[in-house]
Amino acid sequence: MKYLERGYLEADELPPFPPEERINSKKPVAYIECPQSIPCSPCYESCRFNAIEMENINDPPKVDYEKCTGCMACIRVCPGLAIFMLQVKEGRGYVTLQYEFLPWLEKGDRVRLYNRRGEEVGEGVVTWALKPERNDRTQLVTIEMDKDLIFEVRAVRKR
Amino acid sequence: MRLESHPIVDFERGKEVTIYFNGKPIKAYEGETVAAALYAAGVRVFSRSFRFHRPRGFFCAIGKCSQCMMEVDGVPNIRTCKVYVRDGMQIRTQNSKPDAENDALAIFDKIIDTVFPHGSHYKKFNKSRKVREFATKQMRKLAGFGNPPKSIPDIETSYEEIETDVAIIGGGPAGLSAAIHAAKYGAKVVLMDENNYLGGQLIKQTHRFFGSARHRAGTRGIRIAQILEEELRQYENVDIRKETKVFGIYGKDVAAVQKDSKLLRVKAKKIVIATGAYERTLIFENNDLPGVYGAGGVQTLMNVYGIKPGNKGLIVGSGNVGLILTYQLMQAGVDVAAIVEAMPRIGGYFVHAAKVRRLGVPIYTRHTIVKAFGEKKVEGAVIAQLDDRWQVIPGSEKEIECDFICVAVGLSPAHELLYHVNAQMKFVPELGGLVPLRTRYNETSVDGVYVAGDVAGIEEATAAIMEGRIAGIHAAITLGYGGDEAKKELEEAVKDLEDFRAGPFGERIVCGLEKCVLEKEVMI
Amino acid sequence: MVKERKIVCRCEDLTEEEIIHAIEEGYDNLESLKRYTGATTGACQGKGCLMHIIRILSQKTGKSPEEIGVTTQRPPVNPVPLYVLSEGDAE
Amino acid sequence: MRVAIIGGGVMGLSTAYYLAKMGADVTVFEQKYLLYGASGRNSGGITPMIDKKELIPFAVKSLELYDTLPAEVDFNFLFRKDGYIKVAASEEDAEKLKKDVRMQNELGVRSKIIEPDEVREFVPDFNTSAITLASYCEDSGVIFPWPVVWGLAKGCRELGVKILDQTRVEEVVVEGGVKGVKTNGELHKADVVVNAAGAWSNEISKMAGAKLNNRVVKEEICVTESIKPYLDPYIFDVTYGVYLSQSARGEIVGGIVGSEVEEIDTRSSLEFAVRYAKRATQLIPMLKGLAMLRQWAGVYDEGRDGLPVVGFTEVEGFVQANGLGRHTGMIVAPAMGRELAKLIIKGENPNLKPFSPSRPTIA
């Protein structure tokens, strides 16, 4: 539980990555960085495909990457902002994350990319943005970036 | 410093009015408290302290800390954080010459305890009667806090006595839930809350809640407050009293002041105490400087009134409150310099920590705040590393640039009313301090007096809602309402709460609860 | 700059040093300490300082918080203006 | 001579102080903490303007002692002599005020009758229409009861008196005469046991097998939040039993004369708060905006005839020093404690004759 001394996960603490072919497929895949036992289960309850496994409400969620259809039901409701939809398409990486800051992001916006430690790791472009009012003001945004960055980038701010 | 826009909250401001602070006009909006309006106008020094004449400012925002007391329209000692602005209101600072900002007696802070250490009012000037009597007179002038009264409040007052089945004190998650479930089965309910809104601390919770879907997980705290209130309003057997401060329980009579003008006496068969908690304070150098706030105070300022607390904050405490507050500050466009945590690990949920860490906020575990510094308000802070015995490691001190400090080091149950009814109490650290013994249905050692929520032990809002449900149903059942259906729901509710607490985060609570189990015959 | 002080009781303006000193002077139980220093008797009636006072007493005397106990919490919980009280029915 | 004093209030400590000065070996037993009883719960009104002639000489003497004791024990009692006003709201009470003042004057007390308008010279915001007449005494005022107790305790300790707090007396050991007291099963031998237990005096007396039938009275008090100097004299409304004054810390302290209770209880009531608020704000309407900060209650005892019970009893070596009554404990105790010390040392003291435990009027 070293991550509780720092506030971020190191490489060896991350959940297993989805297989490459799943990431390269047409649909994004949910990647959940929620390692701690806390009483929370909306992601599990929101998944219509039984792709999220939990033994009980305190069990950390595990994604069955084969079952995940990338429907984004879980990322809409995650109170911990701990779910990231990952995809690689035509050599470019795409991360979808929850965004709750002003100004709201719009398609085409350029954003700074940050890793789990809050270090700036590059720049990306918003390729899709769910309007905040469509999801009780948690915007979902998809950011295009270098494909190597999709396991790194966990936050964005508007440039 | 007023927020014009916010990603989560819409601020609906009332009509613009003018209030006068030490004679100077200040713009304010109806619906704002005097303290909030003054803060928005940049006022930081609200009062001067009793002995040292140190500057004191906005602090708790819930009428507890006494730092914001001023003379309002000629009446002394008004807690300005609990009084709403009115056009033309005259507000003056107290215990200072000429005013709190420029108090000539501030010199006392430098010298008074070198010449007049604590207790010397008893020990000095005793030998000569003349000198003693003269000194006693002078001391009297220096003591005393508020200005002598200059006018009588111009308010139409009244008295009301009501009888009810269940009186519920506190309209936060626990109280709302207790009210809903007692009313659902037919009990007549009076719900009292000191604020002009229901929901208690929920209305500061802009984040989505944890738990399961049936606990409304994934929904923002502010919305949960609305949902609960709407649910409650379905029932006609509920009498909701907002802006009603319960000040005592005398026998089984609950006494309250409604809208600062009515004395209310509620004769109740059952009482649910759901008064919540107070924020703990922390002892460090200059912990009283304006700009050192309780986390809740800042949340009130920012999320209720839409006022920025400052430009750059330091957060002390990495429990969920500290972590969530950090995120909320950033949402309001305020920088957070760092979070310090005395424990070797982050206290709150990892996901809350990760949210702010990835936005660049450093979290210093095994660190503490050593001091705040500044002339009349916080201009910076010093933090330092702690060793295994919680002592500061010399040389590890580090200066942090910030203009405010939020203390988020936990809560203490607001237990006063439990002492009024003479409930058996116990000191249980796992539950945050002095808490009542209770049955599995949340009834205290005093028959018909229940507890729910933080006053029973510091926990999450979700647990508070579940406790309220249990207390509400049990109160209704013991009054003869509900029948088998209610009994069935009661057992389900108890089971539901047990499951909720089954994880590692519930361990501490369960361990604490085991220490205050009340074995008494419970009728259902 | 304000003088460096650790304030335990804001209402009565008492520093940690002063509380410790009063305990050392012999006011070493909660009730006496409260009356001698004024802690818990000020405008907030101990909401801010009671737990600190119990902790300091516990550290200085070696007694557990349970043994130290708690001062009687008297009504009212919040100050009540006399103009409101005077509306009541006293019979 | 070994003396055990039960009760660490102002009467017990005064007696202990003067006994120790006269060379006795004194131990004071306090069941709780100093200030737990009536000495720690009263409002500190000090005046010789008393309606019982037997007590006036003690009040006059105590006023002198309150001037000299702070120097002796090196502790400031924060006594502020800004006068004491009794107000009457009925013709009957006005007549009594007049009668009392005549009696007081005869005994050398500088009290006088004043008209309602004159009250405003001392209290500018006073509502003169609320009263019919008043009396005033300048050699009076407000004392802070806590430092009185601490100061006497300090003086006692410096004279070698042992003060045992949190020490409840379980038994007064009597074999023929008193042999001592038992606490925690341990015998503390004493030649004389003094019962200065205030409201608990009846119980202590029972332990010793001495007769005592004091009236136990519960009284409620409250304070408002602190303000700068506003109310100088102590005000006592004899018709409504309501009194108010300003403490050393600036709070307006006030209460209502209590009533007899069967059992000791110190719970506060809403009725009190309401009654007090009504009358206090009639007397000084400007107080309306002030807020009641804290209310509390205390118990005291008084002899059935309204006078203290002080002196030797039918049980050899067992001495009563109780029943001091409302508003008189703080004012008569120092002088009465001194006279009692003389009685204990010398075996007789005519000054205490009116308070004899064997007088028929208290049975």
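We just call them A, B, C and D in the order they show up, numbering each chain from 1.
Just so it is clear, a residue touches a chain if its C-beta (ideal position, glycine included) is under 8 Å from a C-beta of that chain, and two chains touch if they have at least 3 such contacts.
Remember, predicted model here, so these are calculated numbers, not experimental data.
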Between C-D and B-C, which chain pair is linked by the larger number of C-beta contacts?
B-C
So what's the Cα centroid distance for chain C and chain D, whole Å?
26
Inter-centroid spacing, chain C versus chain B (mean Cα positions, whole Å)
18
As a quick test, compute the distance in whole Å between the mean CA positions of chain A and chain B.
35
Can you compute the centre-to-centre distance for chain A and chain C, using the mean CA position of each chain? Integer Å is fine.
50
Residue ranges of chain B touching at least 2 other chains are 69, 77, 145, 152-153, 248, 250, 255, 263, 265
Where chain D touches two or more other chains at once, the residues are 150, 225-226, 249, 268, 270, 274, 287-291
Could you list which residues of chain A touch at least two other chains?
none
Touch-based graph of the chains, sorted into line, ring, star, complete or other
other
Contact footprint of chain B on chain D as seen in their complex:
67-68, 70-71, 74-76, 78-81, 125, 147, 150-151, 225-230, 248-250, 268-270, 274, 285-291
Chain C partner, complex, touching residues on chain D are 32-36, 40, 146, 150, 165-166, 224-226, 249, 268, 270-271, 273-278, 280-281, 287-296
Within the complex, which stretch of chain C touches chain B?
1-8, 10-16, 18, 21-22, 25, 36-37, 42-45, 47-49, 51-52, 64-66, 70, 72-73, 75-81, 83-89
Per the touch rule, the chain B residues reaching chain C in their complex are 49-52, 54-56, 59, 63-67, 69, 77, 109-110, 113, 117-119, 145, 152-153, 155, 157-159, 161, 194, 245-250, 255, 257, 260-263, 265, 278, 280-281, 283-289, 371, 373-376, 412, 414-417, 419-420, 425-427, 433-434
Considering the complex alone, what residue numbers of chain B touch chain A?
5-8, 207-213, 217-220, 223, 330-331, 333, 344-346, 349-361, 363, 365, 462, 499-506
